[in-house]
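Before anything else, here is the set of structures, which you'll find just below.
Here come two complexes built around chain A, the first alongside chain B, the second alongside chain C.
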Partner chain A sequence: MTKDEVQGATEEEQAQSKKGLKKQQKEAEKAAKKAEKQAKLAADQQGSEEEDFAKDRYGVPLMVLPTKTGLVDQLIWLRARVHTSRAKGKQCFLVLRQQQFNVQALVAVGDRASKQMVKFAANITKESIVDVEASVRKVEQKIESCTQQDVELHIERIFVISQSEARLPLQLEDAVRPDGEGEEEGRATVNQDTKLDNRVIDLRTTTSQAIFRLQSGVCKLFRDTLTNKGFVEIQTPKIISAASEGGANVFTVSYFKTSAYLAQSPQLYKQMCICADFDKVFCVGPVFRAEDSNTHRHLTEFVGLDIEMAFSYHYHEVIDSITDTMVQIFKGLRDNFQTEILTVNKQYPSEPFKFLEPTLRLEYTEALAMLHQAGVEMGDEEDLSTPNEKLLGRLVKEKYDTDFYVLDKYPLAVRPFYTMPDPNNAKYSNSYDMFMRGEEILSGAQRVHDAQLLTERAMHHQIDLEKIKSYIDSFRYGAPPHGGGGIGLERVCMLYLGLHNIRQTSMFPRDPKRLTP
Partner chain B sequence: MTKDEVQGATEEEQAQSKKGLKKQQKEAEKAAKKAEKQAKLAADQQGSEEEDFAKDRYGVPLMVLPTKTGLVDQLIWLRARVHTSRAKGKQCFLVLRQQQFNVQALVAVGDRASKQMVKFAANITKESIVDVEASVRKVEQKIESCTQQDVELHIERIFVISQSEARLPLQLEDAVRPDGEGEEEGRATVNQDTKLDNRVIDLRTTTSQAIFRLQSGVCKLFRDTLTNKGFVEIQTPKIISAASEGGANVFTVSYFKTSAYLAQSPQLYKQMCICADFDKVFCVGPVFRAEDSNTHRHLTEFVGLDIEMAFSYHYHEVIDSITDTMVQIFKGLRDNFQTEILTVNKQYPSEPFKFLEPTLRLEYTEALAMLHQAGVEMGDEEDLSTPNEKLLGRLVKEKYDTDFYVLDKYPLAVRPFYTMPDPNNAKYSNSYDMFMRGEEILSGAQRVHDAQLLTERAMHHQIDLEKIKSYIDSFRYGAPPHGGGGIGLERVCMLYLGLHNIRQTSMFPRDPKRLTP
Partner chain C sequence: MSMYQVKPVCGSLLKPDLPTCMYTLPNIHGQQGNSCTSDLCSEHALQNGEVDPAVKALEARQDEILRKLYELKAAVDGLAKTVTTPDADLDLTVSSSLSSQSPSSTTFTGVTNLDTLLGKDLGALRDIVINANPAQPPLTLMVLHSVLCQRYRVLSTVHVHSSVSNVPPQLLSCLGPRHADSYARQMFQLGFTLIWKDVPKLQMKFSVQNMCPIEGEANVARFLFKLLSPYPSDAALATLVDSWVDMAFFQLAEGSAKERAAVLRALNSALGRSPWLAGQEFSLADMACYCCVLQSGPASSTPSNVQRWLKSCENLGHFSPAKPFLQ
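On to the complex of A and B.
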């Protein structure tokens, strides 16, 4: 947040109409009542001060945070959420949680805790954040319900750092329950919209924590692999003028006195960087598609992992760079994210992701032959339908035992105008898709780098040359042969983990019907 | 580029009206004429085939690229641009360029090159891309005009991989000339708009190559440092609904049947991740500001390097994390990007960037005292103007010899409503800005993490509570104390290198008047 935004906020505040003030007054009254209630509650909890010897051992600080006493070595000091809480006579059992991990804790009336302090602890709402000072004790019997099974914490001081509202819009244990499990006992699961509507809570579940930590890993593996290969990271603009890209499926932006568009892909900019001698580039950033597609695998905004590179002799150098990058990602996930993968599998069981080294590369004609053999009727220059892609994925898995492969040499007719034709067979092209578990995660090609051939191809596709003038002009001052592709981050995570909805791998998904939170 | 976009393009092509066809026909005729001319030129260049013994040693391949003969060990095979070319009797001297590096090359009539081949080489336009096979020879006298001064290449084969148009919109050597240099000799410099209008060529200059390779380094250093500190990378949405953020300086997007906005900062989402137990997060992505500011340091779209973290005891933990990250960036640049820094300095001289370890942290009152002493009149709770920020930067540099420092504890009155007040002095706040060479690069703060206090602060600022409801609600289910800040990537690069216009450090800058390329 820069200074400018601060000023922006101030202007906004000034522009604030007075019509909202009445509502605000109401809110204020509500807030005041609540504060009063809380004060009463705190007084109740604490009882009269004289009789509580432990009054400094608990409380609700706000601005100045408590610190470890530091005097007793055996005591630990930690911050955690109250995952569950259960009062039992003179004791209160808490399960304290930090991300995916939790531990049992205990406040018991004795020389370190008063009756009032136990009552205070028992009243702490689930999901509240507490600081506790405690001793760590071995337990005789394993605590099966916690990740830390061999110990429990005996609490000597406890402070509520942030109190949660008592009524949660969803329960974390319901949100991680596998579909169908516990149905007989009438246990609930949480539907996806409720999860997404309350994403701040849903993201605390072990499943969400695992998914997004793994996603962070995918980005890092992608970038590190490419950086090691000599790629340069670039930043491409998301607001683009009308001229440079097509008009379909594009979001329009009001731009001062004119209109602009949100970039559907960084392709033109990646290619310009190649024409500007950056040789090999990648970028990671949002990509926008104004498609009214309400499917399990479409988002209107997703994260593109984009690659573009000049090659020396043959566009298969590009395929090799991309597939090797994917293999490095798969290996990195397998080797460093087993905990996360197992955590997700608990809720969403799936087969481990399989891949070959080197990556399997099939030609389009080979794939067609496999499909024909399986009884599919389709023409040589026809594109693959989604069901046929999935079927092909299964056939390839059976035959080659891999969940990842490249389909090379698509018919020229089904690819965009900027795709380089196959010099040996004009029916085909130097283009490829890549698939994970039978679903497409990348589409790419050698691009036409010659302005004249590009003009001819565009005319063949009946594209208005005026609209793509700046694109074509980029290649007029010397452009090396090059190719690339764009990968959808959310799809890679979804398919790697064997999930079935892309909204599970987008932190704050956007689709035609969802713009919040 | 995914399959969907491919389909998008096809639809667009189909939607193409016929009104453009006439224009296309014209273009086609033009293209055909050009092709004919080129063919003639090629024929002229090659002469009649019978008499040219070297006809296989040069040419203009398009789809199938030539390869190294591989027979002669002493020969190298390389791809480069023709930087300059000069024919001289039976010889043609070329300067070949790869990014920042160049070397002299020679084609001379002899047993490896015919007269026709030398003529062919002499006709290759500047900025064309060639593949050459050549022997490397030591030279007696250093070639001062090239980066490779001790050798030259004797070309035995040469192929034009991509021919540049003869007339360039700008000359690379003009684009890197320091302002004022060579004025007497009537040498040109290139103004910024011309550079930006022809960015594909301008990005080939040594200065641009250095700037954007260094920028790539800044991103890597930022992420690597934070990853080592246990931060998780997150991806936040750029299309947001009306409710979550303010209305000033926001771009509007048409979103199917409704309207949406482009995110001014990822702040809400970063904070939601903290409320969702991600503990420490960062993100790198575009940030949009619909401000009609036409200054040297404002863009309408820039890259935000954003940080947010929970802290244990005091918000200075956040400041320490951010300043240490900046210091790691400065050190990484100093240690690994000296070539790039020196290259940029050749065209834009500046003092080396100085920083202290640990970073200097001044309180707002101390800064005011320094300004008062320097004769500036301003009130205790007044914000710093841009000229005063710059003056302060100079005073700090004089006194502490650093180009980077933190200004802490801003007056509460000049900060946004979500800023945590100073618990010890209600006039001030737990907020900070960071400065490089006297210009702000980051604004940040401890955020109010308590829904009730946040409501009070918003009401104090007369903000419509309805509009920020989802923001406030994020803190109702337990939120740890946290803080963060956002850094502008382009500003960091500009100020580190001592440049004076942010358009130099944005590859494809966007401002109120520029949307292309």
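On to the complex of A and C.
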């Protein structure tokens, strides 16, 4: 409604007759009141319009395309999330965030911004995505609370692209706060279950971003190192007809008229590839274990990085290959992901990961001797329990100062039926485990490649031969001596960073109690 | 009673065939009885305990000869020791073949038993772990390692710790090539694990439960040397060895130029008196001083005795592992 329209209404009144005059008068009064109201509104609006010279510099538009340049004293466009916004008189301070990085931004009443604009900025809900045109300015005092500490943005234009709901299920600062600090200062920290229920928001925290970028790095280094060594990547089926390692820990799925199982490990198919002359293979894929273990290091579904290779002289070639791959991964992480490691350490402090090159290899008997010296009594052919593994990890760390080592020559009695026995000593087997920070990450061995011996071993372990017939059949047509092992991606990341729960390194974890998100 | 008279069988005066290669002595029994009258023979008979002067003279001659023999033997022994450390004129290849036969048996005597020194073998490899900084390679320990390998079955491995980003390849192969049996750790008597790590001071760990870590190259060298042969039982000599070792590591290797010069002078005077620093035998003192002298400075300014001694050390053949690091 403009002033012109109001003037028009009053002019019309004078041209009417007396009868209609009263009516008109009434109408006029009504209209006048209405017009008054409107005039007032219009006056207000116009008044505000007059004051709001910055009207076209803010609002909720439909589409804006930013272009990024970015240097000091330059005008840039930026799309980011609003991390916090805080009004203070004639100014509004915003912290804008992109993934792990955040920068302070400032809207101040002046020749570029109006009071309404500042108010608008202060009212933008947290986590909304905004487009901002701002000039980058250097600051004299470092801004401690942001990752970009030397500059701040002076906003010229600000537009909300996608608004977030006002009430967030969890606050990001709380999610990033270290546990101890929260207790000390009486501030909130977020429960793990809440974080996992609202994973989309929790994954936005700097810590989660750093963890999963590092995990992506692990996968890439694994692939690159093995490809450079001449390995071939394969994909194995996950729906299988028979449980490969004992029937208790498999998920059953209905498969048309029958049922099938979800693969516990790609073991069988890796070995079949070796028998099919691929010589060296690896595969990256999900592994399903229906174990009802609610521990800090078990998931029902996780990503398995598996290796299998044929060797020429001795199964130690396999160990050397696997340990070299792991060392290359650790070196790659140490050299290229320091920012991520430090970010994670801010919330979850831990000792940096140490390793030796070439990897330390101890024999099982040596481990028993070390434990014996430390006061633990164990039988010769007993398996290591979890507390003993942790103690052994500490002893090895004290003597050799390494968090990663291999334990070779396990006793035959505690290994699965397809493990090759030691030709020199029937009590032991050509099998090995690898440990990070005292926790097991890989269990591997030289496999029995002779169908006859395999049948004998299976009968010794009282396994139904019918169930593993196709497995034994794959070795009947010439199989080279081979061995391998598999690691869990989540567990490796968790132990490398020194975290304490595997759910922190699994994006959408699956355990006996959790199926969503 | 009369007896038969038998005619004589053989002639009365048969002359026996006397050998001509023997001394002819006068007949003690016959002549004295014949030539003397009865009352005179007792005078010429030997009194109790008295020895015929001729026998005495013989005995004296025998003693003289034996004494000379012993003297000769001692002189030959002394010469033999110097022959094993010949001077520069001798061909090195010849001497190294001499020394490779059994250097440890001639240079390191004394019985040592690993079980008594290191504790009972619990069925697992007894592993000695040494953490060293790649900026200061421990030459003495490498030399000791090669001597240990000749004496025992040693499994040697070299690792690089994650605190060091890379290490020159000669440091990786400083303990020699990988043993063919290295996959069977139990077959070895001793493990020698060298880890290149960013440590301020060289460190050795053996039995974490019973021993605290040993720091400093000198102390680790003493530990390893005692696995080869015990320290001299004479306390003064043992202290002398120790003092030379300390002088080598503190003043030669880490001291100022003045201190080094002083040590070289002391070495010179000590080596003027005896072929080796601690007397007649090669010892840890010589090993330590050799490595530190060569590590610390060029060979031109060393005095003559020291130079001669350096050559003798080299000719022993133990110091070849340290050679690549002394250029």
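Everything that follows uses one rule, which is that the second predicted complex is superposed on the first by the 445 of 517 C-alpha atoms of A that agree within 3 Å, B and C clash if a C-alpha of one lies under 4 Å from a C-alpha of the other, contacts with A are read in each partner's own complex, and residues count from 1 in each chain.
The criterion applied here is as follows: a contact is a pair of C-beta atoms (placed from the backbone, for glycine too) under 8 Å apart; a residue touches a chain by one contact, two chains touch by 3 or more.
Here the structure is a predicted model, which means the values were calculated and not measured.
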| item | value |
| --- | --- |
| Partner chain in contact with A:His314 - chain B first, chain C second, else both or neither | both |
| First, second, both or neither for A:Arg334, with chain B first and chain C second | second |
| Contacts of A:Phe353 with chain B and chain C, given as first, second, both or neither | second |
| Of chain C and chain B, partner touching more chain A residues | B |
| Partner chain(s) touched by A:Ile161 [first = chain B, second = chain C, both, neither] | first |
| First (chain B), second (chain C), both or neither touched by A:Glu363 | second |
| Residues on chain A lying within both footprints (that of chain B and that of chain C) | 314 |
| Sites on chain C touched by chain A in the complex | 122-125, 127, 129, 131, 157, 159-163, 165, 183-186, 193, 195, 197, 205, 207-210 |
| Residues of chain A touching chain C in the complex | 314, 316, 330-331, 334-335, 353-358, 360-363, 365-370, 372-374, 395, 398-402, 424 |
